[in-house]
Amino acid sequence: MIDKFVASALEAVADVRDGATVLIGGFGQVGTPNHLIEALCERGLRDLTVVSNNAGTGTHGLARLMAEGRVRKVICSYPRSRGSVVLEELYREGRIELEVVPQGTMAERMRAAGAGIPAFWTPTAAGTQLGEGKEVRAFGGRACVLEHALKGDVALIEAWEADRWGNLTYRMSGRNFNPVMAMAADLTIVQTQHRVELGELDPERVVTPGVFVDRVVHIPYGKPRLW
Amino acid sequence: MIDKFVASALEAVADVRDGATVLIGGFGQVGTPNHLIEALCERGLRDLTVVSNNAGTGTHGLARLMAEGRVRKVICSYPRSRGSVVLEELYREGRIELEVVPQGTMAERMRAAGAGIPAFWTPTAAGTQLGEGKEVRAFGGRACVLEHALKGDVALIEAWEADRWGNLTYRMSGRNFNPVMAMAADLTIVQTQHRVELGELDPERVVTPGVFVDRVVHIPYGKPRLW
Amino acid sequence: MDMLVEAAPLDRHGMARRLAADIPEGWVVNLGIGIPTLVSDHVPPEREVIFQAENGVIGVGPAPPPEEEDPWLINAGKQMVTLRPGGSFVSQSDSFALIRGGHLDLCVLGAFEVAENGDIANWAISSNEKAPAVGGAMDLAAGAKRLWAIMEHTTKDGRPRLVKRCSYPLTALGVVSRVYTNLAVLDVTPEGFAVRDMIPGMTLEALQARTEAKLRPAA
Amino acid sequence: MDMLVEAAPLDRHGMARRLAADIPEGWVVNLGIGIPTLVSDHVPPEREVIFQAENGVIGVGPAPPPEEEDPWLINAGKQMVTLRPGGSFVSQSDSFALIRGGHLDLCVLGAFEVAENGDIANWAISSNEKAPAVGGAMDLAAGAKRLWAIMEHTTKDGRPRLVKRCSYPLTALGVVSRVYTNLAVLDVTPEGFAVRDMIPGMTLEALQARTEAKLRPAA
């Protein structure tokens, strides 16, 4: 019997290694797998590369992971959220590497990794500072830059419902980066608010098929704290 | 008030032009917008390019469109279905152009068109007859070919439910090429089995947001005839 | 400069209202953070405009009353919003497929500068000050069918924002088609900025005095 | 050749059964048209294997009894199937993202020829005969984590199908890791074909006589 549920967040992240590239779902604090991130903090890892739309707020979750010196590099689109003081400070002091990527390019690079596309052309960022150093080619008269797939060793995902095959649904704007990150990593770990029986999810309503999921932890924490 | 419903299939396809590239949803006879194709036949158009996974069966739908000499070129992955006699005959007689594309590359080329990606690299077909003449580049030591976005002037789509904004759901394996084609054409026309009120569809269950849809016709025809 | 004693510049809501008046029913629209977000408040609910937020919400409705607030439903500015009947949720990759694939009829962005060739600079002031943050601005600017900028006509200390060439880091090249300021509405044409209309009391000369690029009346 | 009086070649179901025995629980598997489709019949239902059909069905179950047939639910061979609890439906682009992105543990394809370097030819016999049809074969062959071929060891007139280099048009290069035939199971290794096991009564010499490529016993 396939059963992807594990007992705890700590068990779920037990084999994440130093130097790993970790994709972290969520937009702001919605759909963000904070309990998995906290478990990652407990591991005391080094030199992580984190891919996340935002760069943490306050002192918990991703902000804690960075504050404790676990993160060598952040790849994100918008590090300047309300309360993103930890990143700002580390960045000012030159103690963290920051790669800012346009949000759509970031999503598409992960989608490419998940879909077996090693690289693609896009007009986004062509001719701008964020396009500097990239290969340029015109398509239909429009300058495009070459962007490469962005794959994770691990993805940390938050879901609303999950069954033992790892089929997932999301809640409202909690969907955001979670489905694309779930398909873009070698090891996909999910924290879910609700655990449901196999067959309980309407097959038309599954957003992430279990095929993309490796482990699930049931963490019914309630509502996200927006800041 | 936005209302994308039109009264008839004939009205829905009234402005499709000679020489148009027409994306036609469906896999075999499931999820295939046969009533819209029949309406297209009535228009008596010329020199159409049709993009469809299969190349029609029997003498109705796409097979009729081809038999009546409306189609200059077919882009498809698998023209050799049970009963695909019309295509075979036209092909043997050199009266139709056929571009065979790997099924995943075909889907991805339309997804690229819908997502603003002019071109992408893929290992599929590299080193094979279907990769001949394409630009080749190695990524991570693996040969890939450059594939270009495939955009339609028109897409013909079959849905299960639709509301007046054009939000769509599909039924079981009737989903297939419909969502990706819906986003890959300048004009997207839908035939739907069920018409529902705005707000009736669960926002988590909408597969194609109405943003991608231009016109909808309500055609409750029942079950697909598989052959 | 004294002409402005008669010409009262629009405030943020006035600018948003002026822009909202030009959005027809049925358009799919993304609103950037800041003044652009105010635009939806000025579209009457009976005029159906589909607002899209890049975090994956299609059919964004007005802010909820406090008792109906739901932290699961936020917009790209991380504010709690509502969903209109007919709305839906998509993933980030599908949301940006929509944005980048040319399915937005309109994107409204704030800007530091807009140049007469349609270049826009709205994401970074200098390279080394704070951690840079681009969000979806470059994708929106490159992908929408139309890009309208909305901003003060000049900086607080009077420097023009409608310029010959942008001095700030670019967001995208040659994409702005119209600019709404607190003083005027201007089209970006192959011949540069063309003034569509101005606030009451404003003259072309007075507007030109506050603009680096050459202005001409709309045809 | 006479050794075969004792060695009874497997029939199509025997080949499918032999391959099915090697699929562990939990694998995500795509089965090609023809003999591969038979494989799922030989996986006991209590061993959970997730069969995926490229038209967007994940969790394909057995064929339905006639009274439960539903034409909306077909597999890639256009046969009516069922959906297991835990199954789901995805679009063609998502289905091929799964296939091409390396999320299939296994793809099983029929083949005209497999070469000792792992090349496979399974989609076209010649270039000008009938309308060519590739379907998802090239995507599956290039994208799956493992590709197992299943086929008769020789053609009907005795020509070997396990060859030094394929003579038919290729489907993908260097991707086959194992071949199941009616006579044997062979691994594709950097040193060529290695025989894992053979039907009772078959010898390496007799098998080699029916194989163009050089065989060696598995290590």
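A, B, C and D are the chain letters, set down in written order, and residue numbers restart from 1 in every chain.
Going forward, contacts are C-beta pairs under 8 Å (C-beta built on N, C-alpha and C of every residue); 3 or more make two chains touch, one makes a residue touch a chain.
As the structure is a prediction and not an experimental result, all values here were calculated from the model.
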*Reference chain D; chain at largest CA-centroid distance*: C
*List the centre-to-centre spacing of chain C and chain D in whole Å, with centres computed as mean CA coordinates.*
55
*So what's the Cα centroid distance for chain A and chain B, whole Å?*
33
*So what's the Cα centroid distance for chain B and chain C, whole Å?*
35
*List, in ascending order, every residue of chain B touching at least 2 other chains.*
108, 111, 115-117, 122-123, 170-172, 203-204, 207
_Where chain D touches two or more other chains at once, by residue number_ = 83, 89-90, 96, 99-100, 142-143
*If you go through all the chains, which pairs of them touch?*
A-B, A-C, A-D, B-C, B-D
_Partner chain B, residues of chain D touching it in the complex_ = 53-57, 70-76, 78, 80, 83, 89-93, 95-96, 99-100, 124, 127, 130-139, 142-143, 169-173
*What residues of chain D sit close enough to touch chain A in their complex?*
25-26, 28, 46, 48, 50, 52, 58-59, 83, 85-90, 96-103, 142-143
_Footprint of chain D on chain B - complex, ascending_ = 27-30, 53, 55, 77-82, 84, 87-88, 91-92, 98, 100-105, 107-108, 110-111, 122-130, 143, 170-180, 207, 223-227
*asked:* With touch defined as at the start, can you tell me which chain B residues reach chain A in the complex?
replied: 108, 112, 115-123, 139-140, 142, 144, 148, 169-172, 202-205, 207
*Enumerate the contact residues on chain A facing chain D in the complex.*
1-2, 111, 113-117, 163-165, 167, 183, 198-199, 201, 203-204, 206, 209-212
